[in-house]
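Common to both upcoming complexes is chain A, partnered first by chain B, then by chain C.
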Partner chain A sequence: MMASIQPRKVPYFLTGPGVIFFAALLGAPMVMTLLLSLHSYDFNTGIQPDWTLANYVEVLGDSYFQKIFGRTFGLALLVTVICVLIGVPEAYVLSRLSSRWRSVFLLVVLGPLLISVVVRTLGWALFFGGNGVLTMTAQALGFGDEPVSLMFTFTGMTIALVHVLVPFMVISVWASLQKIDPQSEDAGLSLGASKMTVLRRITLPQAMPGILSGSIIVFALTASAFATPAIIGGRRMKVVATAAYDEYLSTLNWPLGATIAILLLLANIGIIVSYNKLIERRFAKVFE
Partner chain B sequence: MQNLGPAARIFHALFVIFILAPLIMVIAVSFTDKGYLSLPTDGLSLRWFRAILDNPDFIDAFWMSVWLAVISASVAVLISVPAALAIARHKFPGRDVISAFLLSPLMIPHLVLGVAFLQFYSTIGLGGSFYGLAAAHVILITPYALRLALASATGLSTDAENAALTLGASKFTVFRRITLPLILPGVAGGWLLSFITSFDELTMSVFVASPATQTLPVRMYHHITQTIDPLIASISTVLIVLTFLVMLILDRFYGLDKIFVGKG
Partner chain C sequence: MSFLIFETLNKKFGDFVAVRDMSLSVERGEFISLLGPSGCGKTTTLQMVAGLLPPTSGRIVLDGKDITKTPPNQRGLGIVFQSYALFPHMTATDNVAFGLEMRGVGKAERTDRARGALDQVKLGQFVDRYPKDMSGGQRQRVALARALVIEPPVLLLDEPLSNLDAKLREEMRIELRLLQQDIGVTTILVTHDQEEALSMSDRIVVMQQGDVAQIAAPLDLYERPTNTFVSDFVGKTNLIQGQITGDNEVNVDGTRVSVDTLAHTHGSSVTLSIRPEKFQMSDDPSGHEVRVEAAIFLGASWLYRVKGSMGDLFVTQPNTGSAGYAKGDVAWLGWPEGALTLFKGAQ
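Here is the complex of A and B:
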């Protein structure tokens, strides 16, 4: 069938459909968004034909946007740290379970990744709401009759995002624990090291690539998360993604929204690339 | 559990409770017999599941999501399989660039894709169309299909194919009878993972979908931002059960850990 095609060209014919599709439907929209962010906007006449960096100056200079970017960065950092603190031990526990229990609990821990994030966030909204379980518990324990609500709070967003993203940390650390040669741990034990020392000196360093790549995934996904901050944080606790959403669909200032989106993309790529460089350099040996 | 101390067991139990708590909460609330948000303390009721049937817009949105996911997962697989074969089995100039390009949506926040498609489609006059939404989903999920296809195509031996070619089979027959069956598990897993990713996608779709092409997550999101009621809990419970069934299939055939390593 492909006898008429030179063998040298075959790979280009095979990848061609995907590349053309992506160039037209990914390349073009991304370039257009970049160009849009370079136009100014007037509330009466709409998008102006000029070329300017004014939007970037506004987003980076305005204290309103600085606060939103700062909050998003702080949220991403906090969620990442908590995911490390609870995800790494959980991955270790999973690796120690007998194979039957392990497959059950892998399903429990990883399964939620397949369930819509709207559904998972709804569960926390039910906990956090003013007439939710939190209030009932507080009243039962005698903390007064005031409704306790974590809706529209930073704490609420943090808890829900940790829940949504911690499976990525577990799976990432789990994958690197799988690669550890159990003999290296046995060697440490037989040479008289305590279990704690083996964990600290042998297991943890070898799990480090997994912890780092898990951290980068969690950080990047938190920084750009939309659904959970939109439902739990609402208008009162805006993050970068919900701020861009409002610029596009409420304020209708598309150029400013595009600017926020481009900055989010640049920050995302910058963090991923620099992190990868760091990991490659520091852990080149572990990855081989 | 022979190697675990009591502290580790308690931690593990708390972790599992943390993971399951919101899901159990959703399921519990959906069985309430009250007309408002509450736990079913006086008895279980299916009234909120019957209420789903009285809300055809949610059912329409469900089918919209199913069709969208079927079409976009299928197109993503059609794009990915030949590309994966080329990338895994040929060395050619530009290979790494092409591979990175086709995987690049993994690095772009869904929000950014959403605003980019919103502007692009309204400029070229495809705003709010089903095909526009489907094309956007194809871009989003192709990396997942490609990665699983790549995993099964890499390291595939060419012996059987060469034998068939020598015996006079045409290239197409070789692909259909030998190559495709060999990579089929990866292709099917990629399709299923793409299907779920498309079905669950909210952030990008919220920008691209019009009222006529509202997917279920978008419909649910708009409902939740207005009001949280037992109806949305019962719809979520149905989704949890359906997802659980798909999950069992994926786990049975591929292992969930293999599918998720490096996702994100």
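Here is the complex of A and C:
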């Protein structure tokens, strides 16, 4: 005999499993990380049972960490801009293809998502390495005998991350292009606008919500990316995520690693929330 | 020479013929409706005039100039789309001013003229609204103002009223027609709504599966359809099968009906068409005896379905204030001379 549940409680029961799942697997580790970051660390005796903000003072005050944070958000910004430049035209072309070609090219665009990030990045590593494809090509073309390597460089990281993240931009922009009334472009033409003007004044502004939400996704994923910077950037070109990893596993200074992780989270939330507010203020009155 | 001429326009999509040998001459200031069921080619025709679809063959001549190959952004025609196709990221004023901006009109002047156009369609208070904050009727008016402000030689309307509710639609018909006559702009309206076409047009082009079924003024089209498709599609009608059995006599399942048979040969099958409101229904036992099978009160009139020796018929009678016939009543139908139209062949 099944006990009947009051209708009012149904939503709680339905969302319960999800809430418990996230509380246990996401909430708890985050709270533990936060608590961990408030302890000090001694190289001889390990984590101390005290409460202090010393770790935060250290990370925020140290030019070494400042440089890593600066590099991370610079990288995130650059990757986002390049993804916009590549992804928006790509999505526009996709939306203009006949339905048969569109499904083929959607698969081409989204296909990489089916392959592990690590595998894709290792592919780039083979390509970028000192005796990789890039070097061989450069030598074959007569650019000298020096090996051309993009390993452990900012450029290399940027290229690999753009490759990993551009599909997210394409999907996001494509979704908002799908929502545009194709007749609004015809209306633009009939009112005397050239095709370029229609694209710039009619189509692009209507795709803006997709471009902006795609930017948020790409920015957030780049700022917290680990696998690609770890493989391409390595120890020489650290970003925040890899720096936190090193504190945990190489230096064993868990409290400092936790501090870095918490600061990354806060910075990410801060940037995304304020960006989102900006967008909402700009577009809420235009789009439903 | 006419203002706008279609010369044997054809449009094929693969093997499918959307428009076949369409020819039409439109006078300056005329209001023409393209009327037909969905898939009859009326929207395709409009898109060819707009330049959004190239015709497979044929020519379009506007004011003596062949515009068949002119791109849409150089035709300068005003178009109101079925979805209105307003620019959602622009205010009403910016929407209307867009066409003027493309013509290089300065900012102050185009804002002025856009507001004037919005005033003209009674949207003076809504100049700074975005489309999403407007009702369907208001959006429709913005679309109309946007099409008219550029002072186009021809205004193209693609089912502009179909997304409005019934009451608003009727008001807009009258308003649109008055505005069009006021401005004197040559207008082509695409619609599947025969009432809309009848109430607004100078002439109506009825289309059927890519062909022109008839071109006529509204009253002519209604009173003198040239084929059963038009008589059935425009207004309601009763189509009755019969055979010509003598001079001015048609046999309908044993009932003899007298009608002018001049243009038809003896013994051939014909279809009679009579509009429901042409019948006179009375208790006076003369004429065609019928039994009332259903009676529906419509306010201004009664609609009956009756059965007699000529089969099932629809009859409309004006509401005179007294009770109408009820189901099961017996009544007699008469009709004036000329109410019956004869078409060749069985339906």
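As a working rule, the second predicted complex is superposed on the first by the 279 of 288 C-alpha atoms of A that agree within 3 Å, B and C clash if a C-alpha of one lies under 4 Å from a C-alpha of the other, contacts with A are read in each partner's own complex, and residues count from 1 in each chain.
By definition in this document, contacts are C-beta pairs under 8 Å (C-beta built on N, C-alpha and C of every residue); 3 or more make two chains touch, one makes a residue touch a chain.
From a predicted model like this one, the values you see are computed outputs, not experimental measurements.
Asker: Who does A:M196 touch here: chain B (first), chain C (second), both, or neither?
Answerer: Neither chain B nor chain C is touched by A:M196.
Asker: Quick one: name whichever of chain B and chain C touches more residues of chain A.
Answerer: B
Asker: For A:Q206 in the superposed arrangement: first (chain B), second (chain C), both or neither?
Answerer: second
Asker: If you stack the two complexes on chain A, which partner ends up touching A:Q183: first (chain B), second (chain C), both, or neither?
Answerer: second
Asker: Contacts for A:P29 in the overlay, against chain B (first) and chain C (second): which applies, first, second, both or neither?
Answerer: Only chain B; A:P29 stays clear of chain C.
Asker: Could you tell me which stretches of chain A are touched by chain B in one complex and by chain C in the other?
Answerer: Comparing the two interfaces on chain A, one with chain B and one with chain C, no residues are shared.
Asker: Show which residues of chain C lie in contact with chain A when the two form their complex.
Answerer: Checking each residue of chain C against chain A gives 50-52, 71-79, 81-83, 85-89, 98-99, 102-103, 130, 132-133, 146, 150.
Asker: Chain A touches which residues of chain B in the complex?
Answerer: The contact residues of chain B facing chain A are 1-4, 8, 11-12, 15-16, 18-26, 29, 37-39, 78-80, 82-83, 85-87, 90, 92, 95, 98, 101-102, 104-105, 107-113, 115-120, 123, 135-136, 138-139, 142, 146, 170-172, 196, 199-200, 202-203, 206-207, 216-217, 220-221, 224-225, 228, 232-233, 236, 239-240, 243-244, 246-247, 250-251, 256-257, 260-264.
Asker: Which residues of chain A touch chain B in their complex?
Answerer: So the residues of chain A in touch with chain B come to 1-3, 8, 10-15, 17-19, 21-22, 25-26, 28-30, 32-33, 36, 86, 89-90, 93, 96-98, 101, 103, 105-120, 122-127, 129, 131, 133, 160, 163, 166-168, 171-172, 174-175, 213, 217, 220-221, 223-224, 226-227, 230-231, 234, 241, 244-245, 248-249, 254, 257-258, 261-262, 264-265, 268-269, 272.
Asker: Spell out the residues on chain A that touch chain C in their complex, using ranges where they run on.
Answerer: 181, 183-184, 186-195, 197, 201-202, 205-206, 208, 285-288
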